[in-house]
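Next come two complexes, and both contain chain A; in the first it sits with chain B, in the second with chain C.
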Partner chain A sequence: MSDTATIAGKELRSYFTSPVAYVLTAAFLVLNGIFFAGQAIGSSTATMDGMFRTIPVLMLLLAPILSMRLIAEEQRSGTLELLLTSPVSDAAVVVGKYLAVLILYIVMLLFTLFYGLLLQLYAGSQGGPIWGPILSSYFGALLLGGTFLAIGVFTSSLTDNPAVGAFIAVAITLALWLAGNFQSVFQGAFGTFLNQIAITDRYYNNLMVGVVALKDVIYYLSLIVIFLFMAIQSLGSRRWR
Partner chain B sequence: MKMQAPPIIECINLNKSYDRIHALSNLNLTVHQGESFGLLGENGAGKSSLVRLLMGFTFPSSGQLRIFDDANLGRARQRIGYLPEQPQFDRRFSAVQYLGYLGKLAGVPSDELRPRIADLLELVGLTAAADRHISTYSKGMTQRVGIAAALIHKPALLILDEPSAGLDPGGQWDIRNILARLRAEGVTMLLCSHQLVEVEDLCDTVGILRRGELVRSGAVSDLLNLANLVEIVADEISAITITRIQAMELNTLDVDGNRLVVPAAASQRVLQTLLEEGARIISMNPLRRSLQDVYLQVSRGVPTKVPTRPITR
Partner chain C sequence: MAVTQQVVVAPRTLTSTPETGSDVVKVNGITRSFGKIEAVRGISFTITRGEIFGLLGPNGAGKSTTINMIATYLRPSSGSISVLGLDTVRQAQQVKERIGVVPQEIALYNDLTAIENLNFFAQMYDLGEPMIQKRAKELLDLMGLYERRNDAVKTYSGGMKRRLNIAVGLMNNPDLLLLDEPTVGVDPQSREAIFENIEGLKKNGLTILYTTQYMEEAERLCDHIAIIDEGKVVAIGTLEQLLALRTTQVEVQRPRGLAEVFLQLTGKQLRDN
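This part shows the complex of A and B:
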């Protein structure tokens, strides 16, 4: 566990010693701010729905960029070899790196609480925002983003080229996202299966409207565990090559 | 004495293949505690494959590999320090930060970590640059960080892959001095190098790999002294004297002005002939081959030249 924390700490420090984290955080906040303002001003309602509807699209692009270097860059530069000479498990390496990028994402999300405070400040006299759905949406955004990041960590472990890893991550995420659209093409059990694994449909939408169902949470957590497990196996498979 | 020490590395009929390429074939090798073992071989001979197996980066195709009498290399890795040929670090970190990171991962207790890093930086001569980003370091300095990183957890076995590759002569000298200190402290070392002088200076035993096979191994002193030749230098050697010596039909006879190289077994007869012919003997020394001669003979089949190095040098 301490190895995982050490690796996570080092990765977080790496993020913040380069402009990447600052630039991406700024972009995340600006884009979310635009959609938040558009919704709040356009509909004159005290909700953050505009932002939360945008987050899946933003994270589709942002998660691969945030995670693409985590393992691929270490493989490319040769630092992974030195890391693997330490008596740390592959699981500690993968989970440590995942936790680092997840924490960065949480920090990004926390900054957006400022928009909620704005709503409270300006609409407080008219009842203010309804915090229940907002908080469940945050929870949904955390699970959804966490899943996208786990996919990114997995694809980063497949290659020593970060850009290739990012491209594969986008492809996998899109495939999972659009899977539900193919239900009508593939009739029967397979079509139902595709619909069930669709990554944003229902599960995220449920959380956005304030419904926190255990099955939705388990769905995202399962995907996170599956992709991290595959990343660990991918790292371990280097020894068989 | 050293041969009685417990084995640290044991390779028994070790094989490693990549697709149809046999990187290592039936390798049998033992490195004992406190021994400094030099692994030689041309590029592609299998040195890196062996190092990768020892470090657990890859698994053997067949055969046994035991380190510290343990076939579980994951466990053994905790006691191994490794210097890759080109150690790479996150260059945005300082040496202190990166060594701290590696030390924590290696399980060095936090109260011991800071003094340990200070000691290592002093050992490798980087105290003054300890807080600078690694990106500002020269190649030699980066290599020295690599040595410090390999030693952070006080390993019982040090595996060094081309520790002075690409360094200028001064840098090579620095690295060699550091390794000589470690050797004197009794650290078991496996040193892969193309720098034959380095191996000759730092290693007790060597193994020469050719196309994945260990074609020669043994104590450095034994390999170099196989020549069993003697160099005799006189003030002047006349043509008559040389004719008399040639008449002895010696296996080896090299005449270079006033210097003769003859088999040790015949040295007394040659010496007697020289004295009879009135030559004044200046010196007489047993010769040894250079490691380069041995290496070229074994790895490329180049015939051994008459050695040129007195053993007393």
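This part shows the complex of A and C:
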């Protein structure tokens, strides 16, 4: 447990001591701000839907960029060998890295609360924003983004080339995103399955409109566990590959 | 550079690990393939407590593959290894607690300082904060890096990085130190400092496995030497025993030491192509 924290702490430090994290956070906030403002002003309603619609698209690219170095860089720099020959478990390495990037993402999300505050301040006379759906949207953005990041951690463990890892992450995420579109191609159980795994449907259709269903939460948590588990397996496999 | 010989490895008593007697490493007929490449094809040797054991061989001989298997980083395709009486596959976790590893390639976080690198890796062991600080200071002193302890590693020379990597490998006060070609890419001053450090560590009872391609390093440091080539041991023994091979097997006008034995046994064709 303390190993996990040590690894997460080191990773977080290197995020916040490099300009990359700041640039990406700024980009995340500016782009979200544009779509937030566009929707809120355009529709004259106190809504953050513009932003929440954009987050999956932004995270499709941002999650791989944020996570691509996490394990690949350890391989490239040779430090993975020191980690794997120290008593730390493969799971602690993977989970520590994942927690670091998840915390960075949560910080990014927290900054966007500022937009909600703007609505509260300036649209207060018309009743202000409805916080229920906004909070469930945040929860959904956390689950969905958290899943994208777990995919990124997994693909980072496959290669010592961060760009290759990021590319594979985008491919996997897109495949899961678009899976539902192929439902009609494969009839029967497999088609239903494809529809079930469509990664953004539960976010757009349920969480964003204020419906928090246990099965949706379990769906995202399961994907996170599956991808982190595969990352752990991929680290372990280098002993016998 | 002044090298101070300090006691940074707690002196060991032979009774500290009764389960193993005097054998620290026992390698039993290990092989390792990477796909079709047979990197190691049946290597056996024993390293006894307190000695420096040299693995001498040309490029691609299988030195790193062998040392990585002892370090639990790679699993043997067949055969077995025990370190301090513990199996490196089934009891990998306990083995890891008690070994120090210095990989062939520099393995450090370039953006972190020397102190931060040492602290980070040491936190993976159950040492406790006061012990970590004490050992970090001792080892930085020993390696002549104390003055530069707060500088990022990316500002270090090759020799300094190498010395820091050795310090990292010693943080957990290991019973066995695995050094994979620790003098590659360092200047003669650093190399001499590293030799003196290794000799000091041996004096304090540390058992060391040392791989090298350089005969003179093996001659100077090692109590026992295994010459390996193409994944096999071609000769094994003390320096004297290996030198005796030369006088019995080769006609020589001018004795040139281990170099001659090495080339005789491993052949003269180039290995890195």
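One rule holds in what follows: the second predicted complex is superposed on the first by the 239 of 241 C-alpha atoms of A that agree within 3 Å, B and C clash if a C-alpha of one lies under 4 Å from a C-alpha of the other, contacts with A are read in each partner's own complex, and residues count from 1 in each chain.
Keep this in mind: a residue touches a chain if its C-beta (ideal position, glycine included) is under 8 Å from a C-beta of that chain, and two chains touch if they have at least 3 such contacts.
Since the model is a prediction, treat every value here as computed from it, not as a measurement.
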| item | value |
| --- | --- |
| Partners on chain A (chain B, chain C) - clash or fit | clash |
| Which superposed partner A:T17 touches (first chain B, second chain C, both, neither) | both |
| Which superposed partner A:S77 touches (first chain B, second chain C, both, neither) | both |
| Partner chain(s) touched by A:S2 [first = chain B, second = chain C, both, neither] | both |
| Stretch in clash, chain B with chain C, out of 235-243, 253-261, 271-279 or 289-297 | 289-297 |
| Doubly contacted chain A residues - partners chain C and chain B | 2-3, 6, 10, 14, 17-18, 77-79, 81-88, 239-241 |
| Interface residues, chain C side, partner chain A - complex | 34, 68, 71-75, 93, 96-97, 99, 101, 103, 105-112, 120-121, 123-126, 168, 172 |
| Chain A to chain C touching residues, read off their complex | 2-3, 6, 10, 14, 17-18, 77-79, 81-88, 239-241 |
| Residue ranges of chain A touching chain B (in the complex, touch as defined) | 2-3, 6-7, 10, 13-14, 17-18, 77-79, 81-88, 238-241 |
| Contact footprint of chain A on chain B as seen in their complex | 18, 55-59, 74, 77-78, 80, 82, 84, 86-90, 92-93, 101-102, 104-107, 149 |
